[in-house]
Structure formats: C-alpha cells, structure tokens
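Written below as structure tokens is the structure these notes are about.
By letter and in written order, the chains are A, B, C and D; residue numbering begins at 1 in each of them.
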C-alpha cells in the first residue's frame, strides 16, 4: 500500500506513460519479426552499429540498471553478467564489454534475451502500476527517458538491419514494397525567414533531452530554406558534374575521406548496366529521381551545397523555420522505412523522411549542464567533432521527434537516413 | 550404364571410400550437436578462425566445386552465389568473399546450409555409387582429398568452438567431463636415435598430401627425444622462473609478440585466487599439472626449450622417431577433446594429445612440385614463414594422421592444440 | 616606367608594407640562428609539425607561387621541383609531396633553401619597389597575407623546434633564460560582462583573415571571465585530485584519447625526484607554479574547467571581453618564448603568453564565403572538428594578432602554447 | 708493461688485425665523402634502414660497449647517453632508443659523431697496440666481429643512401658512372652437381659468424645451377608475360604483398616514355638488359623461378656449388656499387654483384648454439621467418664474404642488392 497515492490527474499521466511504454516495447519486437535467429547475432560491420540481439538486451538493461535495481525493493537482476554485456558507454555503471566484442558473443541466446525483455517489461509494469506520488515525481522523467532511449535504438535497429542486409551479397528483403512510380514533385524553391533574435531550445513541460536546454536567445540573419529535400535526381547531377572529383567542393577532412574510402556515390547506390540501383528495406530497387537522396554523410551534404552555390542551414535557422510547419511527415508509423517524394507545396518534408544535416557543430547551448549521475553521460560527453541533424527520418517515431530535437553524428557517418536541406543568406 | 564397370577389387575400395565419406560427413554434424543456432554464426575473433556455419558449407563447397560440377553431367549448383561465399583461398576458383567478412553475413541460414550439405552428400553418394573404372582412377584421390579436407576442418571447428566459448564471459560448456585426478606420470627421460641417412616423406599407396613428397634422403645426426610431452606442471616452472620476462629465451619476433600482446601464460590459462584454471571443452577447470601443456605458440615452445637447456626437434628427427612407435593415441575418436596424461613408459604421446612444434620452417621437400590446377593451391603457396607441427592432436581423427603428416602454422598461433616435445643433440 | 604611379599616400603604405615584409623575413632567419644544420632537417615526429628547412622554403614558395609567377613578367622559378616540395595543402596549385615524406628528404639542402629565400625576397622587393596604382590595388592584400602566413609559420617553427629538442633525450637548450623566481600573482577573480547583442568579427580596413568575416550580430548572455590564465600550480591541483583518472570530467573522445595515449600531465612536464620539471626553450626547468599552464589540449582544458565547476568561454564571449583591454602582452618580441606570470590586476593576459582554448567549434561565420582561387583553401576547408583558440601566445608577433583573430586546432593537439581561460554564466 | 708479451707470430696477427681495423674504419668514412650534412640525418623511410649518422655512431658504439668499457681500465665513455642512442637491438646492453625514433633526433651532430668515431678508433688502436698474450686470446675474435660488424653496416649505408637518394624526387647522384654499353653475355646454361653427402658450414680458423656453425653433413640430390644471374632483360619478359598479375606464380604471402603494395616491377625501376629506367648510385639510368636484375624480394625471385619452370637453390646447394669457383667478383672494392654483366663462361657471378636468394628459411644448423652474452643476440634470435641469401653483392667487401656466409632478410625486403640464381633438380 502506498503512503501517498497518486492523484487522479497523476493517475491519468501514469496510464498514458504505461501505454507509451507498452507500445514502444512492443514495436521493438514487431520490428524484429522479419528476422531469423542468425540476423540477430552479427554486427553490421566491425565499425558500425551493433547486433540486433544486443539492441534488444541493451534497451532492457537501461530500464533494469537505471530504474529497477534502484527503485524496486529486493529486485533480483535477471542475470549477474548482463550489466557487463549490455552497458553501452556509461562509465559510471561498471565494467562493460568492449564494443568491438559485441559481434563475437553468441550467448545469451536470442531466446534468452527475449526472456530478459519480458522479465524487465513485467517488472517495469508492476512498478508503474504501484507508483505513489513521491515515486511518480521521481521516476516519471527517468522512465520517459528510458522509453525515448528505446525509440532511438529502434531507429538504430532499422538502419543496422538495412546495413546487414546490404552487406550480404544475397541482399535479402526485409519487407517488400510496391515501387512508387516517379511523378511530379514541387520544383526547388526558397522559403524566406526574417532576421531577428529568436528563442532556441526546448521550452515547457513536454519531454526533451538535456542537450535541448538551456533555452536561449540567438540572433539569426535573413535567410531562406529550400522548400523540400534534395532529390536523388538532383544529387545525380552533382555526380555527373564530377562533384566527387573536384577538391574545391570539399572540406579538407571530407576530401581525405573520399580519397581513402573511394566514395563516389551515396552509400547504398550501385551502378548497373541499366542505371542506378539502391539498397532499400525492400531489397535492391532502381533509384527514383524524385525521392530524397539518403544515406549521405555531412561531407557529401556540405560538398553538394557548395557545388549548388548555396550552403547547409544552421541548426538555429532550421529550428526557427520548423516551427512554421506542422510536425507531420513520413515516420516509422508509415511503415515505409524509406524516404518518399515531397507531395505538398510550401516548406515540406521538414519532419520525417531523412535527418537533415545542419552546418552546426554539436556544442552545448548556453547554460547547458549535464545532469548528475549516469544519465549525465547520455549526451554531453559527445559534444566534440559531430554535426547536428534535425527533423527525424522514416525510421523515427512521431512520438519521439520535436522541432528542438538535436541528433548528431560524426561527419563521415552514412548508415543513417540522412539527407540534404539547402539554405542561403540574403 | 557404365562402359567399363569397376572390378571387384575396385568395388571394395569404392565401398570403403563411401563408408569413409559417410562417416566423416556424419562426424562433422555430430560435432555440432551441442551448439545452438547463434553459435554457428559468429567468428572466434576478427583474426582467427571462421564461423561454424562457414565450415559446414565450405567442406561441402569443396566437393561441389572440385568434383560435382566437373564430373556429374548436368549437375545443378545448389545456389549460384555459394561459390562466392564458401571458397576459402583458391584464386583459380573465382571471386570469393573477403575472409574478414565471414563474420558479417547471417545468410544463408544454418538450416539452409544443412540443406546444402545434404544436397552435396546425396550427389556425392550417387556419383560414387556409379563410378566406372576410368572415373574411379580419376576421382579416387580427389574424393579422398575432399574427405581429408573435411577432417582438417573438423579440427578447426573444434578449436574455433573452444575459442568462441572461451571468448564469451559466460564460458559455456561444450561437453561436460569428469576431471581426471592427477596421478603418477613417467618422469622426463630421453629416447636415443642413431645418426644416419634416413628416408623422409611419404611412400606407398596410402593417401598423403602433396607436401609430404618428394620422399628424399636426409642425414640426421645422433639425437634424443623426450619420452613424453612437456606438462602443465613443467611449464608452470618456466613461468615461475619468470621465463616470460627474460628476453634471452626468446626469438626476436617472439619477444616483440609477447611484449605487444602482453602474453605471460598459455592462451587459455587464467589465474584465480585458488590457483591456475584453464578453459576446456568442459568449461573452466583447474590446470592439471600432469597433463600436457597445450595452446602454446611456437615462440613459447622455443623459449621453453631454450630455458630448459635443450631444443625442439627438427621435423626429420620427429619423423624418424615416430616410426618406432605405433600410431596410437588420444584422438578425436576418444571424445575427450583435451590432451591427457602420458600413461606408458618409453617414447609416448607421439600421436594425438597435442600437435608438436618442430624447429623446422615449413619448406618444400626436394623435388616437391605443387599439382596443376586449384588443388595446387592446397599447400604449396603457404611455404613461407610457418613452422611444421607433427603427430596430430585430441581433435584429429586417427584416420587422418600419419608419421609423415606435415601440419603448419605461423609461430604466433595459439588457438590449436599445440604443445612441446623436447630434443637434444649428442 | 609605370603608367600610373602610386600616389603619395599609397607610397607611404607601400613603404610600410616593404618594411613589414623585410622585418618578418628577417625574423624567420633570426629565429634559426641557434640551430645547427641537422636541426633543420628532421621533423618533430611522424605526425606533428614539419622540418624547419621546409618552413623556410614553404614561406618563400608562398610568395613565389601566389605572387611572383603571376605578377612578375618573365619571372623564372628558382627551381622547377620546388612547387612539388613546398606546396603544403593547396590542391589547386599542383601536385605536392605527401606531408609524411617531408622528414625523408635531405635535399634541397639548407644552404640551397637560404639561397631560395634570398632569391624570392629580392624579387619581392623589386616588385614592391615598382608597383603602380593598379598593381598596388591588386597585390596589397595578397602580399599582406603572405607576410601573415610567414608569421604563422614562425610560430610553428618555434613550437616545432621546442618539440624537436624535447624529443631528443639530450634536451638541448635553444636559448638560455634566467629562471624567474615565483612571486605574488593576482588571485583568481571574475570579470563580468553584460548580456546583449554584440557585433562579432572583423571590421574596418586593417588586415584580417577571411575566417574573421562576415561580421555579424550575436546575442551573448551575462557571463564572467577569469581575470587571468590558469596557472601550473592550479593545474597541479587537478592532477593531484586525480583529474586524469575520473571519466566524468572528460569528453568521451577526450577520455579515449588519454586512455590510449596514457596522458596524465601536460605535454612537456616530467616528474623527477625533486618535483615537476618541464621542457622549455631554455631546456629542462622546474615547473613554476605561478606561470600559466601551457601545452594543454582542448580535452584537458575542458576537463579542467569541468573539474573547477565552471567552463571555457565561447569565442564570442572572449572577443567581447578582449575589446575592453589593450592588445598588449608577452609576445615573440619579448624573446622569452615561454609564458610568464600575470602581473596586473583586472582582466589580464588576454593577449600573448598562451593561446586560449574556447568551447567553440571552428565553424564559418554567417555570410562567410571562402575567396575564389587557391587562397580560398587557406581557412575554409578546415572548418570541421577543430576548436577555436584566441589571443596569441609568446610565439606570436604583436603585429600578427587581433581581438578577432581565430586560431584553430584539433582537440588533441598539445604542441602549441595553448592554455586555459575560465568562464561562467550568471 | 705486459706480463706476457705476445709472441712474434701473434704480433704479426695483431698487426694484420690492426691494419684490417684501420682500413675498415677508413672505408666507412670514405663512403660518406659524397654526402652533405643533411644526408646523414634522415632515415630512408619510416620502416627501412637508419640514418647514416646512426650507422657511423653505432659501429663505434659496438667497439666501445663490447670491448673498450670491459677491457680498458678506467675507460671513460665518450658520452653517457650514447649507449641509449646507438644500441641497436641488444636487450642485454641496456635501454635503447626505439628504432623508429632514429629519424627524429638531430643531435649528437654529425661533427660530434665523427669526434666519437675518432675517440673510439684511437682507444681501440691503443688497446690493440698493447695486447698481451692473454688479452689477444680473449679479444681477437671479438675485435674481428666488430670489424665485420662495421663491414655489414657499410653495406647497409650504401643501400640506405641509395634509398634516400631514390626517395628524393631530385634523384641526386652519389657518384657518376660511365654507362656500360650492353654487349654479349653468356647465354643461360646449367651447371651440374652430383648427389651426395656434403659437409656444410664453416670450418677452420678463419673468421665466421656463429650462424655458419655447426658444420654438418647434409645429403644433397643431383641438381643444376644456372651459370649466371638472371638479367634485367630476362626479368622484363616475366613482367611482359604479366607475371605480376598471375596468382599461381606467387606464394600466398607474396601475392598479398604485391596486391597491398601495388608492386609490378623491381623496386627501383621506373617506366618512362622511352622505356625502363632505374635508380642507381649514379642517378637515374636506362635499364641495361644484360645486367643482373637487382633489388628483388624473395617473393619476386620465387615467382620468377616458378614462371621459368625451375626453382631457387637451397642454401646447401648454393654452398656446394660455390666451392667450385674462386671467391672473386664485383665487390665494394670495385667502386661500381651496381651489379654488372657476366663476362665469363661457366659458373659465374657466384660472388659479388647481388646477394642470391635461396629457397631456404633461415634456421639454425644442427648443433648451433648462440654464444653466451650480448653477442649471442647477433644472429640466433632472428632465425624465424627470413630466407637465406648467399654470395655477397657489389656493396660487400671481398674481405667480408665466404662461401659459408649466411645473410638473411624477410621475404618482402627489396632495398638490398638482391637478385636471382636459378636451380633445378634432375
């Protein structure tokens, strides 16, 4: 019996959280339905991503380690060694397996990991069902982080699976898809925003990560954003104009990278006798010139913009513009798992489809301070050398994204759904 | 109908070959019985060994590519891409997947690979059941190579599984085993051989690899071999005498290796509060001082011998001595899968238990010429920088080994059952 | 004879430029006076810096390739292969030697390179002596860039020499120095700046690099800067508090770096029985607790600030504050070549002594566009992954620095005179 | 005054030793005469060879450390840190600088190193001038090793200089040379040797390295050696027959190496519009088809032999054959420093011109034991993975070579004068 039961309003919030929790836990497993056991075990490559079995376990470990062991009396860890196996990068949470070793363990088995998930889910539900007022105050935000954490891993799972299937010469199909016939899309146009001091960063009661704070004023000059994403067809012009061969379009580090890696096309593209094809979640398909180009590194996005005579937006510019449109788009809920054509006039595709590279390095906002404890390691310690992406992708949940959401990756990363929005100053 | 049916004597030989073929194909699968699907998929490490699913397929690929596609009219390959996946190192047999990629493919699945095995086995049996005289003459030796090739991979599978299980902090048990209580073993003694010109290399009708030819005379001076293998207890003295810390015992490349790798004990040993333990096929077990030391690199074997004031045998010395004892020992057929104590007086343990490092680099015998065609790549192209091991191990089949058998590995390799036989000149 | 001779005012400017040019060219050579031939030839390490002979030639190559070959009729290059040897990173200026090869060429000799310098200097002087109005308009800024370019290399030469001498166990002395006895320095205090929209970036006629444009408004919140640089004594407290051992103070990439590299002290420090010593241009000397800590990476500066409960300034904050103090300090002109104690109250040491790491990634200012042609490669293509440093150091010339000057290095770099200024928000 | 003065016969030997010592010390410096200071300082590459200044010092260090400090009472080391700088690989002789650092120290200067040489030479002469009988017995062999050690480094100096000059796009000339006009050379023929038990290894009083012992019987079958070395013209046929592109000619490790390194011609060859040129000590010169091919790795020599349908000799075969011809040839004394055409019929070019790769791995002879102490590290610890070369080259002194002399290098090494002698079994 709880000393101080939750109020009715709280009770409604709790039920909403429980519902969100259940939905997210379920979706993770739904996403795995097309997989066979072998697909769970391997890593995408030696350097990118993690085995699916690891994601399944790690997202449960997060709830177990951050919440259950601290907030459930007498809670028994599912297995004493799982903390070692499934801690990702939290140095405050004990010894962990080296990341590169994830691909070299076959056990715990997939079935055991599903047992682990079930065990954690049940204990979490039990905990949430019995929260008193004080616990609710303490745990609401942490549980919410756990849910959003799992949503981030859903995206990684999708992109890891895509990579695993691409890396296999058999090129398996995750989910077949009717090829959309190329049709009219809006021509490239510019959406203007006036200069001024804008407030940037998260505000209000809703959930946001720590890196979206502190909210602060920022002066932004007059600028324009392109009305839609850069398409495959447009990017093909860059290729055909030998954009990958002219150093002047590239950052120094980008030029070094494309030389070393031999890059001369988007990650999943492949030239065949009958034209360009690309790996999709539906297997190999012809490149549709009207769809947004995807799996583009920052280096390539930046070079493309320079070739086009414009530039990438700053994250502030993107955020200011994004508040002018509804938060709708092609998210994981559409089940397409690939970006699609722009279908509306005006500023479109700001949310969903592909993450949009900004020219902003990932740095702390004014007044930012990482939280105390292990969750302080979630975001802050990565503020070095990465670039910010905005808007979510076709692998993101609509319940996960916000205008202020700051995703970030190193500039050479290509295995995410990442594409190009253009900007120019006036 | 065959133009020229096989004679009765040939028929007996064919039946024997079929029986050998069946036994070996079955044993490969029997060895996998303790595994779950996940165990088949991962590689031991990024650098050593191959996934078990790959071994299962590769040993079938060998029969399909070397024999079935050439000698069965209208033979349909099981899958057009399997040659790419399961060719190991035969440059004459078409494009192949990079070795390091074996750990990053999840398909074909384990079930599909078992189908592949079944398909190949059936076609091989059909072929063998209908051989005429001419085909028999042409195919007997190639089929025999295919059988021995699979036996070599059985050894690799056992040592790869051992490595996979060791590399996993859960340290799974492949097959439980009653710990043998340490008891009396023969004290170290010396077995003398007279100087003279000896014939070295394979002779006669039985099967042998090309690298055991040409048979040739070799002058060998007076020498002595130790009557048994070096034990864990003896090797422990080397450790306790700080053998890993004194450069003068080591080859220059060996010293560099142990510095870089931080080696200071045999591969699978682990020091605990209650003494030394080691990984075995039965999981972690206390080190038994009476059993042969195993999983020793050439560098360590050589350093141990120098510390002991003696040396390793040459392969000629080993071969001369080995002909004086019966070809008996602790082989895979004993199902122990670990080396055991010497139980007999006189020259013992020459066969089975652990491969014995010789001081001989792996070079061609006089008159050696690699066969024409892809099988010429089986042995000859590796005659550079490796050292010869002799006598087979507890993972070797008694039907696979011979006194003239030349195994070889690079001097830093430790994941095989490899140990130490001592020698000295007089 | 010139069609349109320079006006009197231009003539004065030209004479000033000539004088600046001469002084800078002379200083480069003066800095080399303590060297023997051998010191010119080697590189500091395989990864950092360049041989001194290369700096001497490259700074001449810049004038030759950017100016003389284009603007002097019939100009004869000193040597046809020097463009290959001495082009640093300008892809538009032809094939160049790989950077790592600079340490592996012994010729052209040092004497030949001095000849080259003389040849280029004389042709530059001849050119400048005869500029007409149109040429002056065209060349003034380019010549000025060449001069500042050489000044940048003077700094690199000093820090490369320091590294070369440190890397040699003989620890040679570049120039002996009387050890300054530690005395009173101002206690750490905070200098407050009011929030507001500030103009950031270069303005006016004076020389500035392209990366200091475009000048733009930026909103800066209330903040405070520490009145002086962090001292050796203060940094020692961080070490003694085991700052290098606690992951929570460090960026993730910083923590990885200090683990891999084994960093646990500033670059040139060395612990001896009688306390801490450090390499200086005067050889090994005891660490003076009152002097600014130097040769600190961004990772260390950032970790120190977090340990101290504050943060590093942004580059905008630094620039706003710097305009409140005179541009005076311990520059290369003082010939100390090491940072010294703060001697004044109030905001001190903003210029000279050590470059001050800011928390700002090196990104383009709003409206920034790299110039056309080879000079466009000077700055813009490096705007990825580095951090901005401000204020110059004891190796910088007072004629080279400005409040708006943006230096930048990767976050692990330590061979420059780089130190710590603290900031905090209010 | 000596207790027991040397006898007259000893005195003659001593004088001979002194003379040999003086000549060798002088030659080392003579070889450096064409160099400028800068040439002494750099290393050939990051991976091969050492700076010339290091060779000059190391050969003096050897005498100082092995002899002077132990055998001259009150001997004062020239500098306390030189042991650290100039010890190559003797772990028993104290801490030493990492090999890769040799290229990154500019001091001690070249002049100081010449002072060091002079100091050591004078003390050695003083010591030798006053040897009594007992000292002579003890020191003769060690001094002789020191002399031969310096001769080995003379060879390395020549090949390091050649590499340094080749690596520099200016391609300096060490010593100009009249190009020999191509003329008749003997056609390739075979020299037959009868099978039998031969004695192999060093015998008698003359100097030999430890690795030439123990002398032992070896049975050698009937074989033939090619009468002369393989020429550039013959090797060119291998290239034109696409020998570098056909895996079947190559060892597995060799094939990997040429793929990784992009090898498709001998090390110093360069294709120009007017045909093949090669770097020589006289700068770039056209490849003379009649001269022996040189700067060939074991991998290439072995592949060439396989392409030619024959093989490389074993070292025993080579040694047996070499005793049938006089020890004459194109040595360093001829001052050509490049191999030349065969001018005699019968078995020719066995000594000098180029080192001849044998198919023998470098292993200990029967009964070989490394000497006690530091000199035991001279040869024995390298008996792993290298191949034996025989006969000396144009950079070897005639006073340094013997029929039993065993040189050895890793199979990928190409910067030595190394070429091809063919063999075949009968």
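As a convention for this text, a residue touches a chain if its C-beta (ideal position, glycine included) is under 8 Å from a C-beta of that chain, and two chains touch if they have at least 3 such contacts.
For clarity, every value in this text was computed on a predicted model and none was experimentally measured.
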item: Chain hops separating chain C from chain A, counting only touching neighbours; value: 1
item: Chain D and chain A - chains in contact with each; value: B, C
item: Remotest chain, chain A as reference, centres from CA atoms; value: D
item: Averaged-CA centre spacing for the pair chain B and chain A, given as whole angstrom; value: 47
item: Rounded Å distance between chain B and chain C, as computed from the means of their C-alpha atoms; value: 61
item: Chain B and chain D: spacing of chain centres that average the CA atoms, whole Å; value: 39
item: Multi-chain contact sites of chain C, meaning residues that touch two or more partners; value: none
item: Set of all touching chain pairs, with the criterion as stated earlier; value: A-B, A-C, B-D, C-D
item: Complex contact set, residues of chain A against chain B; value: 36-46, 53, 81, 84-85, 97, 100-101, 103-110, 164, 167-170, 172
item: Footprint of chain A on chain C - complex, ascending; value: 89, 91-92, 197, 216-219, 221, 247-248, 250-255, 314, 359-361, 363-364, 366-367, 376-377, 381-385, 411, 425
